[in-house]
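Questions regarding the structure given below will be posed in turn.
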Amino acid sequence: MDLTTVLGLLLGLAGLIGGYMWDGGHVNSLIIPSAMLIVFGGTFGAVAVSFPGSILAKIPKALGIAFMQVKRDPATTINEIVDMASVARREGVLALEQRAQEHENPFLKDGLLMVVDGTDPELTRQILELEMDAIEHQVNNMSKVFEAGGGYAPTMGIIGTVMGLIHVLGNLEDPSSLGPAIAVAFTATLYGVMSANLVYLPIANKIKVRGKEMVNEMELMLEGILALQAGENPQLIKKKLNSFLHDKSKKAVEEDDVNGEAR
Amino acid sequence: MDLTTVLGLLLGLAGLIGGYMWDGGHVNSLIIPSAMLIVFGGTFGAVAVSFPGSILAKIPKALGIAFMQVKRDPATTINEIVDMASVARREGVLALEQRAQEHENPFLKDGLLMVVDGTDPELTRQILELEMDAIEHQVNNMSKVFEAGGGYAPTMGIIGTVMGLIHVLGNLEDPSSLGPAIAVAFTATLYGVMSANLVYLPIANKIKVRGKEMVNEMELMLEGILALQAGENPQLIKKKLNSFLHDKSKKAVEEDDVNGEAR
Amino acid sequence: MDLTTVLGLLLGLAGLIGGYMWDGGHVNSLIIPSAMLIVFGGTFGAVAVSFPGSILAKIPKALGIAFMQVKRDPATTINEIVDMASVARREGVLALEQRAQEHENPFLKDGLLMVVDGTDPELTRQILELEMDAIEHQVNNMSKVFEAGGGYAPTMGIIGTVMGLIHVLGNLEDPSSLGPAIAVAFTATLYGVMSANLVYLPIANKIKVRGKEMVNEMELMLEGILALQAGENPQLIKKKLNSFLHDKSKKAVEEDDVNGEAR
Amino acid sequence: MDLTTVLGLLLGLAGLIGGYMWDGGHVNSLIIPSAMLIVFGGTFGAVAVSFPGSILAKIPKALGIAFMQVKRDPATTINEIVDMASVARREGVLALEQRAQEHENPFLKDGLLMVVDGTDPELTRQILELEMDAIEHQVNNMSKVFEAGGGYAPTMGIIGTVMGLIHVLGNLEDPSSLGPAIAVAFTATLYGVMSANLVYLPIANKIKVRGKEMVNEMELMLEGILALQAGENPQLIKKKLNSFLHDKSKKAVEEDDVNGEAR
Amino acid sequence: MDLTTVLGLLLGLAGLIGGYMWDGGHVNSLIIPSAMLIVFGGTFGAVAVSFPGSILAKIPKALGIAFMQVKRDPATTINEIVDMASVARREGVLALEQRAQEHENPFLKDGLLMVVDGTDPELTRQILELEMDAIEHQVNNMSKVFEAGGGYAPTMGIIGTVMGLIHVLGNLEDPSSLGPAIAVAFTATLYGVMSANLVYLPIANKIKVRGKEMVNEMELMLEGILALQAGENPQLIKKKLNSFLHDKSKKAVEEDDVNGEAR
């Protein structure tokens, strides 16, 4: 579970609804099905036109990235690569086959298997970089779907409000109903701005940030795999991979260093 | 037929009109010919000034890209290239002449014919990259025409509404007609925002995404053609081209791999 | 004459004014000299502050680019370069001196004369690329002047309307004059949005697109001149330059190919 | 203490509140807890969804960068590096070990220690550049958190105002309360625009500028460390590093030059 | 004096004020000190928070760049460099020492002195490029300060107007004073939009354009200095530097060419 996504959404919603109720507003008057149909239907339609089905089909996966936190531990990955580099130096890369086969990370597994297979280093780099590009491209597309939603939703809200005003102003028989009717028209704007700024745009950003984390991790793995294949000194590999990190996680590796050195 | 374009448009329109009617609005009161003339005429004029005739003439082709889905199957393309690479290795590139001549994809055909003709690899790459650039440039231009429409339309809507308000406020003899007159003025805003956000901008984005798919496919073909010309190992070619893909389509190639290996 | 610029302007204006009159509006009430002074004076002042005199002095030339269509025919240019390459191969580059001297295109003339003079190929490329950069830079500046106008004009319109409202609201002696006075105030917004979206921004875009066409043509010429200087095979030159084109113009060259081959 | 941050905030606040009170406004009527809950709760929620916890946890550190001014003195750094380069030339890099160990700047310390350890120059550059990238990346993320806040806050203000208007317009029993109720609704807009433009966006910019200063300083150190490792002439090093500076600080180095030369 | 800056400001102001007075408005009613305090105080505060003191301290220098026109004459510079290249070829670079020492342009002086000192060409290029980068960076920062002002000012105007409306709507005892009070509130918007679009943004752009001119001139000088140091043929140097220019200034050099050739 990605805590900041869930708590952020709850907290934001609590702030908005709480403030409204504090002033004496009734939640009922914020629920206007016709405005919902206009804003959410219109936004979904515009997003669907904007992207091909193959990208739209990844919306559930994109939500998964935004709401589920994959535990990423670069310090452990570094120690593991350094350890494998030691093994490869002592016993040759073939000794890593078993370990590569069973590795849970598909990118690291792919790379190690290519090393074990004796693939040309340049080709290994090329293939792994293409895989990285493909994933980066895919995550960017997911993020863009939500960004598009965040762009269309407020305009759909404006459309809903303008349509409501057109309806109201065109039928001014009963002036006393003018106020409530305008209030109803405004809910469309509310839905549009709220869904865009509390849901679509923040989720688009979260997906983008998570995508960068994935790519950073893959870059670290790529450097490690290539250094391992080149038979570099494990301590130099650790030093180099270490520079990819920063802050707390870096310290974790350094503390771990004592054990690492002892291996 | 590009389903998401057509269904998205219908769904978006259904949401907007449906929500309006749910509130008791009459569709008639949304149809104001003078506002249409202002918004669509103004938008078309501004777009026409913005681009030369040679780009405007491609609007029908651009609509074709947005509404017609070309069946793209990179897995099949990869298998085909790998197969041709095997043939070229066994029997020489001349054996591909017939197959190249008859190939339906103009880019792959051009490239293969250059290989068969014994064109210098560097020149082959240069010419194919220039072709790719030309197509990318052309699709980008088409996308920009619709983006421009999506930029001008809401401002034309504002112009229509302001002109309506000027007319109304300048002639306040009959105050009772003020409401309906303002309602009419607002329809221009409605047309502008709606056409931009449900039609022009989403279609511009769909064209851009489709253009990227085309370019990706051409990059894959280019790599394949050059690898084939260089006489690389077909299994390595498959491995390399495979990294261009991702997800489902990748799996398709891998399943197909059994047959591919058997060839 | 650049037809799309002229017709687009007329059509856009016709749509806006036509729609206004259809609703019963009088064109007279759209002509408010004080609002014109505010919007056009303010916009011109802001643009003048934004750019040095040397760039402002090119506004007439920029309008020339937007309104006059230079007949560009890349297919003819390619055939001509290929023909000159054949001559240069048979009789040496000196045989091109006369033809270079008389060539109407200053860029091609400059390049050919350098070839005839036996200038070092690297220096030829360097000088021609600097010339290309200078022209690209100059056209971009022209486009930016109109873009700036398109950015300032709507804000000047808002300034005019706000000043009108300040005047009206500060002197509410005669409430019956409130409506017409607000109508007058709105004309400033109308001028600002209209001039920006029908004139300044579209013209800025047209200039930018025309500038890209110029640069593309110069790139084609540059490649041709360098290939000619290197004594490359004329048929290869044609093949390479051909890839710069696309679509109809490409076909034109291919049809012309029959004659070209026969030369 | 970063004076411009603190004084800028005080001055901006003084201007806004002062102007309001000058017109006879009471500060009390600007304090509406429900609007605060909506704007600050909503903004915080949206920001929390947008970023992972690891980035949000750095908000205090980011505020530290914006409010505390680290005394940076590139002239002193240059003189120190030049001095160490002289020592290294005379007595070898090992003579710098003590000084490197005790250096307070972690980046310079890391670099010098690698030089003392005899690390390969290419690896030294690679590791230090990765460290620079990591810090740049980290500071950019901090800046983006505040930028996101500056983007969401005004829209939360609009949400608060629209919710206020919906509440007011839906309950028009007492028309005399309409004015004050709308006034209350407007405070949400006020909070949103004010927090964004006086706090979030300016602080985001300050962090970005400070981050660039840090990176510039590290680039200078990197060049110095590599030049020192390569055993370059100390006077040439000074000349080269000097070009990184400009203006006043440059003069400071030049005046210091007399002593520097004498060493 | 930079004429377009001064005349543009006067003309813009004349247009705005003239149009206002034409409609019968009194300039007095545009002068509201409390609104000025809000808009200018708020903008200055936000800008101060956004930048460190070292950049804010350069505001006077930035205004100098925007209002004072440095006479730049690239044709003269080219002829001078070509002349010095002739001297260097005949008598050696040492013959230029006197001339370098006395040169008024600090960049050209620095470069020539390095040439006279026999500095390594690669180092000369590196140091001069670092100086160019430093100046470019500095001018960009100046431009960004005014851009930031142009971004904050309209929002401070909105803040002022919203605060005015809160004050007015919260105290509706005397409805007849509502109009004038709203008029006063609007002046804040007027100040914000006007200062941004007539002063801050245009000046930011002028500084940016002037900065590019400076950098272009320095690039030309850099090429000239390096060519001179390499002992290239003076006529080739002139040809190369010439391509940096365009239009009128180019013609000037060509006319001057007759004398140049004769030297």
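Labels A, B, C, D and E are assigned to the chains in the order they are written; within every chain, residues are numbered from 1.
In the analysis below, a contact is a pair of C-beta atoms (placed from the backbone, for glycine too) under 8 Å apart; a residue touches a chain by one contact, two chains touch by 3 or more.
By chain, with names taken from UniProt: A, B, C, D, E = Chemotaxis protein PomA.
These numbers come from a predicted model, not from an experiment.
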item: Fewest touching-chain hops separating chain C (Chemotaxis protein PomA) from chain D (Chemotaxis protein PomA); value: 2
item: Rotation angle (°) superposing Cα atoms of chain B (Chemotaxis protein PomA) on chain C (Chemotaxis protein PomA), nearest 5; value: 70
item: Distance from chain E (Chemotaxis protein PomA) to chain D (Chemotaxis protein PomA) - Cα centre to Cα centre, in angstrom; value: 25
item: Pairwise touch network: line, ring, star, complete, or other; value: ring
item: Chain order around the ring, beginning at chain A (Chemotaxis protein PomA) and proceeding next to chain D (Chemotaxis protein PomA); value: A, D, E, C, B
item: Chain D (Chemotaxis protein PomA) - residues contacting chain A (Chemotaxis protein PomA), complex; value: 33-38, 40-42, 44-53, 55-56, 123, 126-128, 130-131, 134-135, 138, 148, 151-152, 155-156, 158-160, 162-170, 172, 184
item: Sites on chain B (Chemotaxis protein PomA) touched by chain A (Chemotaxis protein PomA) in the complex; value: 2-5, 7-16, 18-20, 22-25, 29-30, 69, 154, 176, 179-180, 182-183, 186-187, 189-190, 193-194, 196-199, 201-203, 205-206, 209-210, 213, 236, 239-240, 243-247
